[in-house]
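Letters A, B and C mark the chains as written, and numbering starts fresh at 1 in each.
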Amino acid sequence: MIQSSLLAYIGLSAILFAIGFIGVLLRRNAIVIFMSLELMLIASTLALVAFSKFNGTMDGDVFVFFILTVAAAEVAVGLAIVVALFRQKQTIQVSELDSLKH
Amino acid sequence: MFLSLDPFLPALGVPLFIALLIGLGLPKRWSVRLSYIGFLAPLLSALHVWWYFASSNKVSGFAFYNAYSTGIDRLGIGLKFGVNGLSMPLYVLAGIVGFAAGLYAIRSGADRLKLYLMLLLVMQAGLMGIFASVDIFYIYFFHELALIPTFIMVGLWGGRDRNYAAMKMTIYLTVGAMLSLFGLIAIYVKSGVNSFDLITLKQALADHPLELIKQQHFLGILLLGLGILVSLWPFHTWAPLGYGAAPSSASMLHAGVLKKFGLYMLIQVVIPLLPEGLSHWSHLLALLALFGNVIVIGLVTIAQRDLKQMIGFSSVMHMGYAFLGIAAGSALGTGGVVMLMVAHGLSVALLFLLTASIHQRTETYSFNDMGGLARKAPVLAALFTAATFASIGLPGFANFWGELSIFIALWHCSAWMTCVAILGVIISAIYGLRSAAYVFFGEPTNSFKLVDSHRPASDITCSEKIPALILLIALLFVGFYPASLTNAINSSLPASEVHSSTQANVAASH
Amino acid sequence: MEISVLQHLASGNVWSSLWPELSLGCLALALLVLEIVLPKKSHDVISQVAILGQMIILGFVLFCCHSSDATTEIFNGLITLTKTSHIMRVFFLLASIFVSLIARVSLAKQTMPKVEFYHIVMVVSAAMMLLVESSHLIMAFVALETVTIGLYVLVSYSRESALTLEAGLKYLVMGALSSSLLLFGIVLLYGVSGNPLLAGHTLSGMHYQDLGNFLNLNPHNFLASVGIILVIAGVAFKMGAFPFQIWVPDVYQGAPTPTTAFLAVASKAAGFGLLLSLFHTVLLSYSWLVIPVLSFMAGATILFGNFAALTQTNVKRLIGLSGVSHAGFLLLGVVASATIPMALGAVYFYLFSYLLASFLVFCVMAHVAPAEDANQELSHYVGLARDNPFLGAILAIGLGSLAGIPPLAGFMGKFFVFLAAYQAKMYSLLFVAIIGVVVSIYYYFGWIKAAFFESSEQDAGAARPARTEVCWCNRLIFTLVALATLGLGFYQGALGQWLNW
């Protein structure tokens, strides 16, 4: 019983993680890519909380706070870069960011 | 008191220290003055080692043995110096050729002379280190130390095609060196003693020889790697190109001394450590050396129309004899190889030196544009002819003894091979004498007259004569008094024919 | 909860043991204060304060902190101080000092504010130290994210350059992606290790040692294997190992030169520090999975790095891809260390030789670079040796050491790693590595050729940016580092004994 509902949580988080991962790889808009990245972090958070509950340890719950903080910092820096880039190039489509030599 | 000092430290330390000083920005005048000391110190050390070799105490056959820690003794690596009968003649060779090349370089007035001298000093230190080291790792290490300046010198001061030549030399020699390193690490690990110390390894492998199949594999890898370094046919193509492009002092040191590293490694390290492996390869090695190096390259050499290229090819050809001596697998053959290495080192260095002198006077290397230089420069002509005689292997020169003992050793294995090999002597007589004739005799060509008219050719100058005479005297000295080296060589070779199985194998294959 | 329990827990918080990290952080804060206090025209002093302060900390770390073999666990298992972490402290401090030195040269060509750069470099260095000291996955993740987010800022530091911002965005996306992979891997490992139905389940599944013990008892758990693969993927991004090296050329090219140096040396070393501490506690329990994966990565990394570097003409991309190949050689040593203890020493020796050599090369790059930092072409080096023999010599020594040419430290590093790899019977990888070395000689040689062999008459310096003069202080430091590179080639004892051989 416990195992099956744990599996549901883990399954959901794995699906969210996969959606985020594919989003990062396929989407072309920098903002959407950020959203996908956040989705991946949130998927991990969900799994952490579920494991923490079912394993009966607090480590996972504590970790969630750290992850939220980290995600906030990441987005803050990321959006700053996107804004600065938009000022320079008037676009945030990653397909148009190819000035660095291949 | 004097004997107890380590003669090797100054031979390595002085050139390196002076190179470092030059690198740190010594003024040009002082650089030149100190360079004399930098080249003199190895020579003195070499003569000292030669003179006291017989009377010195020996540790497992190594005279003047000294060990220094570099902090990684636990890995079985340490700076250990000493010479035995096989390395002593080569150590002396390195000292003499290095001194001659250095003297010539100092007076040559190359542009960016400081950098040139610095690189030559580093190279000289590396060369002395190769033959003074007992630790295999350091033999390899010093070889690389001497090799790198060669690339730079070819690239910076080289003649035509220098970029291509430098690149090709770098790639070929790096491949060869890496393969050899791989083989050496294999011996290190598989010997079970985890040591690069030659004495320890010899002891360990004498007690517990490796399995036959391993010996054969390792020897194969090492033969390939070292063969590339010694320009074994068909891996020789870097050599004529590189020597053709290199500045003369670099050619002297590389062709004269550094290239002997591969052969030295084979006779000093590889074959004593893997004695059973040789018979597996000796037949192939002998065939490659005989038909590839001696005959094919010999004929190619005859076809050359460029003096420097021709000497480069001739040095590839003479390496064939050395490989034949190794393939013969007897003590006599090995002794002959050492003798030939010394003799060839002196004679090819002399030839490269004189070639540079000729080029100064004719401004060309092409036979078509030369002729009649003997009238303007009779002493140069005499020296060049003498060097050619030495290179052919006429009696009276050191080369004669080397080739003679190799032929005798080879005769014990295979008579027909010996006959073919002797054909090679005729080939080298043809191209040697022809080149002397083209350059010095006959009517002056129009292009030579043109060069001569706006810059009259003088005879050989003092700064060229002294290094040339040093080399020639050494050749003649060994030629007339071979015991000066052979006593030492004999002391390090096993008296009995330990490699008799090898000979049987070569003989049986016909 | 009893107060005594809390007191007991708090007694593990030995803040004094973390004094190098703390003082580095305080120094970083002090720089910001100085920027406010000092008048604008004397802001140049701040960078000098930064470098001198770090040198003093380095001095204290080297001479006051006797490295013992003892292992102390503090903060209730969050941090474990070992001899290795001490070695890595010295490494990151040196790297931080070197990057600050390069920044002094390189940032002078820009109009950007400069103080924050030193500030962030120091904070990131402190976080790197914590990363390799951590013995708990939460600690490791937080330290890693501190490093990564700091590096996002450093990579996109020149915010007026579109190229730099593009590099910053690429680095951010790839970095965040790899962090997510690592995080998900951690979560899976934590979840599996706490499962009450499995043998040896543990309450502290984030702690390396406990996690390792659990994995030893459950050697073929599917979720745990997935977790381990994800963790390796996250770490591989930091190291720039195949197949997570795709960001390397673009980001290295676009980032400001000092940041590139920081990425190439410190970030890579932090990845390896984390991998090594995980490898010997957690990952080796699954050696059936980890060893093949890492071996494949090592081989592919060496080949990719070297062959991709062959065709580059931009030196920053070139050095980036050559750095990828160095990561491959280091991975070789890491894999060998599974069975051969000496391989650990080899990896650390390699890291130090790589640090010294990279510093020399990046210094020369900073001096030669044009104002538009991303466009550093090989052609800018034509005639360098003639016009500025000192920089030419430094470049030659640095590149020679990177290429692994005796008698420089890089050769000994490669040699030790190869020796260890042979002892670990990794023959085919060794063969790949030898191919890699030969190929690498080619492109390093091409760079040296540009600086030394090609004459500058034909272009007459028309297209070439002006080179910065080397001040006497830098001259002294470069000479010392070059001599250290030479010296380590001849005498390894200085480092070798310390690295516990």
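Here is the rule we go by: a contact is a pair of C-beta atoms (placed from the backbone, for glycine too) under 8 Å apart; a residue touches a chain by one contact, two chains touch by 3 or more.
Source: prediction; values computed, not measured.
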item	value
Arrangement of touching chains [line / ring / star / complete / other]	line
Chain pair showing more contacts of the two, B-C and A-C	A-C
Distance between the centres, which are taken as Cα means, of chain B and chain A, whole angstrom	65
Chain B-chain C separation of Cα centroids, rounded to whole Å	43
Chain A-chain C separation of Cα centroids, rounded to whole Å	26
Two or more partner chains touched - positions in chain C	none
Chain B-facing residues of chain C, complex	342, 389, 393, 400, 405-407, 411, 415-416, 418-419, 422-423, 430-431, 434, 437-438, 441-442, 445, 448-449, 452-453, 479, 490-497, 501
Residues of chain A defined as touching chain C within the complex	3, 10, 17, 20-21, 24, 30, 33, 37, 40-41, 43-44, 47-48, 50-51, 54-57, 59-60, 62-63, 66-67, 70, 73-74, 77-78, 81-82, 84-85, 88-89, 94, 97, 99-101
Contact set on chain C toward chain A in their complex	138, 141-142, 145, 149, 152-153, 156, 159-163, 165-170, 172-173, 176-177, 179-180, 183-184, 186-188, 190-191, 194-197, 201, 203-206, 249-250, 253-254, 314, 317, 374
In the complex, chain B residues that touch chain C	23-24, 69-72, 74-75, 115, 137, 141, 144-145, 148, 151-152, 155-156, 162-163, 166-167, 170-171, 174-175, 178-179, 181-182, 185-186, 188-189
